[in-house]
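Two complexes come next, and they have one chain in common, chain A, joined by chain B in the first and chain C in the second.
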Partner chain A sequence: MSVLPAILRRLGALAVGVVLTAAVHAQGNLEIDTPAISALKQSMQKRHAQLAPLYAAGAVGLAADGTVALRDAAGVPLAQRAQVTSMIAAENADRAALYREIARANNHPEWEGDVRRTFAQRWVDRAQPGWWVQQGGKWVQK
Partner chain B sequence: MPVASRWFLAAALALSASACVTINIYFPAAAAERAADRIIDEVWQLREGADGAPAQGSSQGEAK
Partner chain C sequence: MLALLALPVGQPSAAAVDRLSLKVADVANPAFTLHDIRVVFDAGSATGEISVARARVGGRVLRDVRLRCARAALSFDGFSCHGADLRLAGRRVSAALDFELDRRSGAARLAAGFGQGGRMELDVDGGGRLLARMVELPADAVHALLSPWSPPVARAMRDFKAQGRASGELEWSGAGARSSRLSARLRIADAGFGTADGLQAGERIAIELAVDARQARDGWHWQAGIEWKEGAAYLHPLYLEAGAKLGASGRLDGRRVRVDEAALEVEGVRRLRATASADLDALDEATLSVDVDGADLALIGPRWIAPLLAPASTERLRFAGHVSGALQLRAGRLQAAEARFEDAGFSLAGAAAGAGFAFGPIAGRASWVQGERGRARLEVGGGRWEKLALGGFALDAELMDDGARLARTTVPVLDGALVLEDLALSRGPAGWEGSGSVVIEPVSMPALTAALDLPPMAGVLSASLPELRVSPGEIALDGALVISVFDGYLRATGLRLREPFGVASHLSGDIEARHIDLAQLTETFSFGNITGFVDADVRGLELARWRPVAFDARIVSSPGDYRRRISQRAVENISALGGAGAVAAIQRSLLRLFETFGYRELGLHCRLAGGVCVMDGIEGGERADGGFVIVRGGGVPALDVIGYNRRVDWDELVERLQRVVAENVSPELR
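After this line comes the complex of A and B, so read on.
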C-alpha cells in the first residue's frame, strides 16, 4: 500500500501542471512578436498606402476568406490593371504567410485555418465606411 | 495490492494524457482576435498618436 501515496503525490503535481497550462492558455496572448511576423506587417503596412485608395474606390474589396480581391475591374484604369493585380497577389501572399507564421509561432501549425478565419472576420468588421466587404457570398459596402 | 495500483496508475496516466491533449489543441479564439486587432491596427495604422500622424490619412477622407 506504500505505492498509492506516491502515485497520488505525482498525480497532484501533474494536476497542478495541467491547471497552470490551462490558465496560461486561457489568459495568455498569442505570440506575434517574431522577426517573420514583423517583416510581414511592415510589408503589408507599406502596401496599404497604395491599397487604401482602391478600397475606397471599390475596386478592391475584403474577401470572406481573409484575402483581398479585385471587386470591380472597371474601377481601375486599364493601364494600371496589371499593377493592381500583382499588388493584390502580393498582399494575399503576405496574408497567407502571416496566418501561417502566427500558427507556427505558437507551435500549432494546424491553427492556420482558425487564424485565417479570425483575421477574415476582423478585417471585415474593421473595414472603414465606404469599403466593400464580402458577406455571405455577396459584396456589401460598409 | 499491486494489480489495483497498476490499474490506478494506468487510468491516471490515460486521464492526464487526454487532459493535456484537450488543452493543447484548443484554439484560443479570444487571444487570436486580440492578436488580429493588434496587427490590423499596425497594418492599417489605426492607432492615433503612436508615432506621428498616419502617412496616408488624406487619401481616405477620414472625418476628424
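After this line comes the complex of A and C, so read on.
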C-alpha cells in the first residue's frame, strides 16, 4: 500500500490522473515507472494537447472500457474527421499498451483487465467539467 | 393517357345549378394512374376541389389525395385551379399549387411553389408526354416527391438530414406501356447530409446527374451518368473529395434494379468497374461486385487502405506500386476479395525512432472467400528491418475468415536466413494471436556487424526458437538464440518482444555468455588489451530502441588455466568506467611504469534500473574503505583496480565507453 502514493504521483504527470486497483496495489513494492511506461506517457501527453479541445467540444469522450471514442464527429470539421479517427486509434493503441505494461511491470500480466478497469474509472473521475464520459452504456456530460 | 373530359360525366348535383360535381372512373398516364376522381366546382364562390381516392404513382399507392382550389374556373374549354393546397390522407403538403386542364388538347399543367422556395412545373400533353421542370427545389420537396417512388431513399434522406437544392428537367414520353421513355438531367447544389453521430456526412456537395431510360418487354433499360463536381464527404473512416465520375447502365424490373455495368473514374485507379443488384425497397441488402484495375497504391493506400486496416498507423504507413483485383459485397459485408500485386511495396516507420520495416517489390495474388479457405502466393523481392536488409522470398499462406496460416517461409538475412514454420495468426477481439516456430540459419557475424555498423566481429549467429507465440502486445520466442563469438558463445533465452509496433517497443531476455576471449573483445572495441576469458550472466535484459534500460549483469573470469594480462590502457579504461577515484594513488605511479600487468581474476556486477547502474566488483572483493575490487592483481607486476563509485549514471557510462572506443584515447583518471 505504501508504494501507491508514489506511483500515483508519477502517473499524475498524465493529464488525467490514474490509479491502480486494490487488487493491483495490494501486492505492494511495485516498480511502475519503466522506460516503456514513460515512453507511453510521453506519447499520450503529447497527443493530449490535440485531444483536450475535442474532449471539451464533446467530439471525443472517455469510454467505459478505458479507451477514448469518437462520440460526436459532427463537432469536428469534415476535413479533419479522418485525422481525428486516426488520432483516437493511436491513443487507444497507446492506452492498451499502457495497461499491459503496468500489469507486466507488476509481474502480473494477467492484471491487465483490472488495470484497464481502474484506469477507465479514474479517467472518468478526473475528467474536466463539460467532458463526456460513458456510464452505464450511456454518454453523460460531467 | 389523360381522358378526364372524354369520360362520362357524373350526375350534376341537383341541389344548385351553380354547383357541379363530376365523377371520373380513372385517368391513366405512364407516370401515374388516378382512380375514382371527383371534381366539385362551386361557381358562386369560384372554388373547387379535386379528390382522388386512389393514385398510383410509380408503384406506390396514395390514398385520399385532395386538391382544394382557392380560385377555380370551369368552362367548356377546360378547368383551372389556382392557389390550391394539396392534402395527402388529410395531411397538408407545404406547397402552393396551380392546375390547368385544356379539354381540347387534353393537356394539363401543374405548377407548385414550395414553402422554402423552389418551384416545380409539370406539363402533360395530350400525347402522354410528361415534362417536369425543377427550379431550386429544396430537399424537403424532393423528399416528398421521392417518398412514393422509393420509401428507402426517402427514409435515408430524412435519416441523413439531406440538404440542398435540385434543379433540372425530366421528360417522360410514350403513350403505350411498352414504349415509354424517360430522360432526366438534374443538378444538385449546396447539398449536404449528416447522421446524428457525424460518422456519415457531406458538405457543399454539387452533383450532376443524367438518366435516360426506355421501357421494354423486360422492364426499364437505363443509362446514367453522375459527376461529383464539388464538396467533400466523410464516410467513417474515409474522407472523400469531389472528382469522381460514374457512368452506369442497367435494368429496372418492377422493384428490382440491376446495374449491369458501371465505370467509376476515381483518382488513383486506372479502371474501376462494378455490377450491382438491389431491391428498391431494401437497398441495404444490395449485392455489389467491383473490379479494380491498376490502382496506384501510393494514392489509394493512405486514402482507402490505411484508415480501414491500420487507423492507428496511418501516418507511418507508406505504400507503393499497383494492385488490381475484385471485391464482392452483400448487404455492406465483404463476401470475397481478390488482389493481384504488381511492384507493390509497404513500409511502416518506427513509432518513436528507427527505420521500422519495409517489404517490396511484391508481386503475386491473394484471394479470400467468406467461410472458405483462400490463398495468398506472393513473391517478395526483398525487405528491410531497421538496418538489416532482407533478401527476396516467397510467401505462401492459407487465408481464413479471421486469420492466415503461413507455409514454411525462408527469409534470407545476409548469408543466413530466418525460417518461419507453422506460423498461424488469427485476429481476436484484442488483436492478433498465433503461434509457430522460428529458426535462424547461421548468419556470419562479420556480415551482421558490418550491416549493423558495429565493430567487426568473427563468429556466427543462429537460433532455434521452437515456441513462437503471438498475443496482443507481445511476441514470445521460447528456445535459444546463440551467437558463437570471441571464441566462446552468447546464448539468449526467454526472448520477448513487447508492444512491437508502438512507441513502447522493447525486447527482453536473459543472456548467458561463456568463455569470451577478452583479447579479441578488447581489440574489437579498442579498449586496450586484456588476455583471458570471461563468463557473463545477464538476467532480465531489457532493450528499448536497442538500448539497454534494465538488466542484472555479472561478469567473472572464466575458470581454467590461461594467460591473464591486462594492459595499462585497459586498466585506465576500466577504472574510468568505475567513475572518479577508481584506482588507489599508490598504484597510479606503478601504472605508468609498466605496459602490462598480471591479474588473478576480474569481476564486475552491474544492476541497471532507472538509468542508474549499481556497481560491484569481484564477489567478496569489498574493501574496508568502501571500495570494491574489479581486477585483482597477480603475478609480476601486479595491481588491483578498485572502484569506489557504486552508483553510476548509465547514460554517462555509455557515453564514456563510446568516447573510449571512438576516440581511442585514455579516459581522464582522477
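Quick note on the criterion: the second predicted complex is superposed on the first by the 113 of 142 C-alpha atoms of A that agree within 3 Å, B and C clash if a C-alpha of one lies under 4 Å from a C-alpha of the other, contacts with A are read in each partner's own complex, and residues count from 1 in each chain.
Here, a residue touches a chain if its C-beta (ideal position, glycine included) is under 8 Å from a C-beta of that chain, and two chains touch if they have at least 3 such contacts.
As the structure is a computational prediction, the values presented were derived from the model and not from experiment.
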Chain B versus chain C as contact partner of A:A93, first or second or both or neither: second
Contacts of A:A39 with chain B and chain C, given as first, second, both or neither: second
First (chain B), second (chain C), both or neither touched by A:A52: first
First, second, both or neither for A:A79, with chain B first and chain C second: second
Which superposed partner A:T118 touches (first chain B, second chain C, both, neither): first
Which superposed partner A:A69 touches (first chain B, second chain C, both, neither): neither
Overlap of the chain B and chain C footprints on chain A, listed as residue numbers: 37, 98
Sites on chain A touched by chain C in the complex: 31, 33-37, 39-40, 42-43, 59, 70-76, 78-79, 81-82, 85-86, 88-90, 92-94, 96-98, 100-101, 104
Interface residues, chain A side, partner chain B - complex: 1, 3-4, 7, 11, 14-15, 18, 21-22, 25-26, 28-30, 32, 37, 41, 44-45, 48-49, 52-53, 56, 98, 102, 108, 110-111, 114-115, 118-119, 121-123, 126, 128
Complex interface listing, chain B residues touching chain A: 1-2, 5, 8-9, 12, 16, 19-20, 23-29, 31-40, 42-46, 55-56, 59-62
Chain C to chain A touching residues, read off their complex: 194, 196-199, 201-203, 232-234, 236-239, 307, 311-315, 352, 430-431, 472-474, 498-499, 502-504, 506, 542, 544, 549-550, 609-610
